[in-house]
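Take a look at the following structure, please.
For clarity, chains are labelled A, B, C, D, E and F in written order, and residue numbers in each chain start from 1.
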């Protein structure tokens, strides 16, 4: 099978992560996966949401948005419509949950990390790219706290990255671009840790169903793709910071 | 391991589906799974959403809500707050997607089926109970169209039902009640067809992760539970209507 | 005159009140008047609205909603539209005001009782059924506070119940069902106490007017109907709780 | 009993209606009742709301608002808060309903009359003053249609006016000013026609109740007050227009 | 050139300012400029917005609205639409900024002055009339604080007033009425102090441009017009209060 | 005077415009002025807003937004708050008005051009940078229509660009960065055409005033700065497209 952009079924698109893309944020990256581009910024504040007040632990949350022409036809701004779409809410809940799964919130202390993922160009996989990029931006911000002596260690147990897999014309493929995503019978987003454990799996057959066998093939593809993504994350962070991930568990 | 309500890990709670619970809706049920109770109504209208106008196919959509004291402490009404929460949007998107996966939208014709799932008491598993109940209400409504001669066959390929599984205190268990759900390290919602194919899988480790092995154990539990739920659906619908499901595929 | 459902002008529909319908609420009922069914729950909280802070008295408030297929054709959710209709606001203000008229707010202490009236099937008289049912749910909740030793007496002076009366095809009738309500020239909602005093009267001629004589006939019908409703309330509450109503006045 | 402003129990405040207060509206008045001042404008448009399309009849609707310093302490704008209060909705529904009760909507034809009642100073009785003033503004607008040959007759059956009555310190009084309204045990708004028939009665005991006897005394006061108000309306409209009211019934 | 209402290019319309138009507000006027009429009220409160808490200085802010029939065709209420238009926000920001430019916020102390400008009839120049009128209402309110001994001096450095100028059919004109404003190629709003300094200039060519020369001609017209407006302000305030403006600078 | 970043009073910051920054939009740029960076995209659609239907002319409109960490401290998303701020509305109205001043809307035909200006980093002058960048993106989009034969000429009369000027510590300076903007006594935004005519001038003294002399000095600085910006626009567009601007007037 020939993919729309000439890739093999198990091949991810070119990945580029530019660190410190924004001059104000405590941590930031521009992540580019194929033609998908997302600016991820981390904001650290000395406060927690009301439901955590006085509990001695922190919080990580995420917001997601697309600029109107991130997409082929213009998408109306949610700010102009006055409310977030269900899709946006679902995605920002997913990003926040994924990041929290590897953060030691007690070790973080009464701090709130807000990850903003702003898609400036969308070509499939914006939610998984957001997770992969936001993870790096979050580590950069937390490492700054360590360097400033406000934290002893980076309060993160493991790496995480995410990708999408799906069945397109009957073939399981890795890292769907928009054209593939629109045509996919099955669409699955997978978030894994550096040690290969699941953080999140969301598989859905839109007007279709899939077998357990197919699911297993998709998971194998995802695991391979995420391994590559984590390598890129580690290159961008460099060996010194990479070595600090997971220290909090000991 | 003793479960909080004395069940074995692989045991679902008592299930009761009361058909035609509402005198106005084209199809309706009250579904009770343990202490969780959801009123599901199906509304059939001769119109489609704007994006389907003139395409000769129909649509199935869902809305979900809880009355304020469905929960242990009162939950403020979304109508009073003026917007739907991310959780609500996520759930109603899930229910709609799950139902559409087995509906032949072309065979449905230019009709819109709106499923309303109103939780009047919540004790875990409200979204999966909603799917299981809404499926029956939808079939009742579509069968009425067949009886009225407006459709030749029920335009549905297969049964679907849903349940939640999770890891609680290290043990994989089926059909979590609220107390278990709050304590679960891993939480997974699974929607399967009558023929055992996946419609949707959403597994998440909130502040935790899980292995592929654990995932497989959870899926086995879910498959067994859903088989039981579909048996109840078939009893409520009766052999005659049950026989009409899947005819559209031939 | 033959009424649409065969009743005589002065006859109310069958009334059934199921106490403790909800397992979480401090007090709850399912009230059924003909085909109208409303779930009423009482939530007691140790707080008061801002305008009562520190004044040593409590508050009773109400919210009202209908599930979409409570009605013959589907009514769009107010939560989805993002705002309450004028009708809903008017009704919930009426319910709250009616209940407060017999509550000794000083004796209640700095507590807030929130009554939720969720109509799951509507066949006329939903606002008056809500008042009649909510009264019982409120008493059940307040009695629980007495039993728990948090209140000495039930801080309620009298019974209240409500019904609708109207002029249909020139004839004054009691307890209008939806078909009658739609055709009525005059529509009046009356709330009375157990001792026959007025709590609220709202009479309106939609595109019509009425004479003082007609008003008096309507009030006579209402008084008779409410007497019957209060009898049902007393049966549901039982003689022991019934005896505790009105003690606060002495 | 001495009233706060020296009036006798059955005395209304000075009433002044200035016709054609606004240069753009099809009909307009400034009504002053004591220190309460309301600008009422009538807008006539050749369209009807969607639910009346093609039925050959018209509609009358009303909107109500207060400028922030209409009141003793500044009331936040509903436009700034982004939603109408329940009180506002209740009032504008009442005004519209009251006006419609005497309008022959078929004779009006497919036209929409929107009454805007903007309170620029509030000292009690703003909703009843709005009805009394809006009636005159509406007649002025409809008479203009007659003069322009677009209507044969003014499609209005009768006069209407409204006032408030209440029990203050145990005494039934007419036309409550704000100080009385705040202290009233019972508050009743009454809308009557020129022939003394009821259009609307809304009586409420806020944290109190009232007997049927008391209600009758209040209604007698209201009837007397409304008679005076209608006299003022007729003076402002003049004998020629006054003579045209009620022609539509013949 | 003949202007639509017979004025010469440099002539302003008749100006009338009625002081103390509202019985509740700390300061109030009705300003009439030609057929434009605006009620301006000043509310003084002992609080400041959150961003000024504890800084020992006060704030002046403004809100602006039009009643629906202030305009030739009815303008829908922003309260009904649930949000403020961009035009309204722009105008209220302008009024607040203009007034603050001459107020010594430290001398005002921790107080908030809210200016409400409600247009009851609009015939061009509503934003500039609002500034001119609100200035007087604000001075009246601040003078009351001086008289009550709560402030030593009126904390205001100078007079301000505003007018509009524009190019209509190629001719620069002063104080545009609505008909002129709609036809203007260039529209400019100017706010000046009593000593002729600029507070604000907003010039815009809607679908047109203008030269620097033309701008200078417009500014000369504006300066002359504003001098006249300030004379009217001083007459309304009287010599005693007028003498107190500017004392705070010494 | 030494400026905070070492510039002379009349020096603008480095300007860089990257054309075709976005792969989907009909025209797009990334404009960087100092550390301010704005993505501007032009969307062309074959429709017009309702008020222009059937009039044979087109429309140009603009929307403006900042990502949360465009700023030093995180700014909450307007989409999350559910409404646009007054500042945003003011800016997007300004951008649209400025662009329309040089577009021949008749020559554009029944088309709508929507300019989206998304600030990804803000260091002062975001609204003027948006105008300068959006102009280029709009020309790129319109030129594409010419190349596709859908328009004969680019329907634009002239170049436009914008800059801010202000008085900082008593000195008039050009192109304020954020640190200067915060400290400025007077702040002025100026939009000029390539032939030096005014499109818009907005000068404001926040808690200050300015003389006509000072205004003239600011305008001289702005004129010089805008000349430089238009040179950059012309370099980016190239001589061929540049030559096409202004043809529509002949």
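The working rule: contacts are C-beta pairs under 8 Å (C-beta built on N, C-alpha and C of every residue); 3 or more make two chains touch, one makes a residue touch a chain.
Predicted, not measured: the structure shown is a model, and the values here were computed from it.
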item	value
Graph distance between chain C and chain D, where chains that touch are linked	1
Starting at chain D, fewest touch steps before arriving at chain F	2
Taking each chain's C-alpha mean as its centre, the one farthest from chain E	B
Angle (degrees, nearest 5) of the CA superposition of chain E onto chain F	180
Taking each chain's C-alpha mean as its centre, the one farthest from chain C	F
Chain centre separation (chain C, chain F; CA means) in Å	60
Mean-CA-position distance for chain E and chain A (Å)	51
Cα-centroid distance, chain A relative to chain F, in whole angstrom	34
Cα-centroid distance, chain A relative to chain B, in whole angstrom	29
Touching two or more other chains - residue numbers and ranges from chain F	82-84
Ring path (origin chain E; first step to chain F)	E, F, A, B, C, D
Residues on chain E engaged by chain D in the complex (per definition of touch)	22-25, 28, 35, 39, 41, 43, 45, 63, 65, 67-72, 74, 77-80, 82-84, 88, 114, 116, 118, 120-121
Chain C-facing residues of chain D, complex	83-87, 89-90, 92-93, 97, 100-103, 105, 158, 193, 196-212, 215, 219
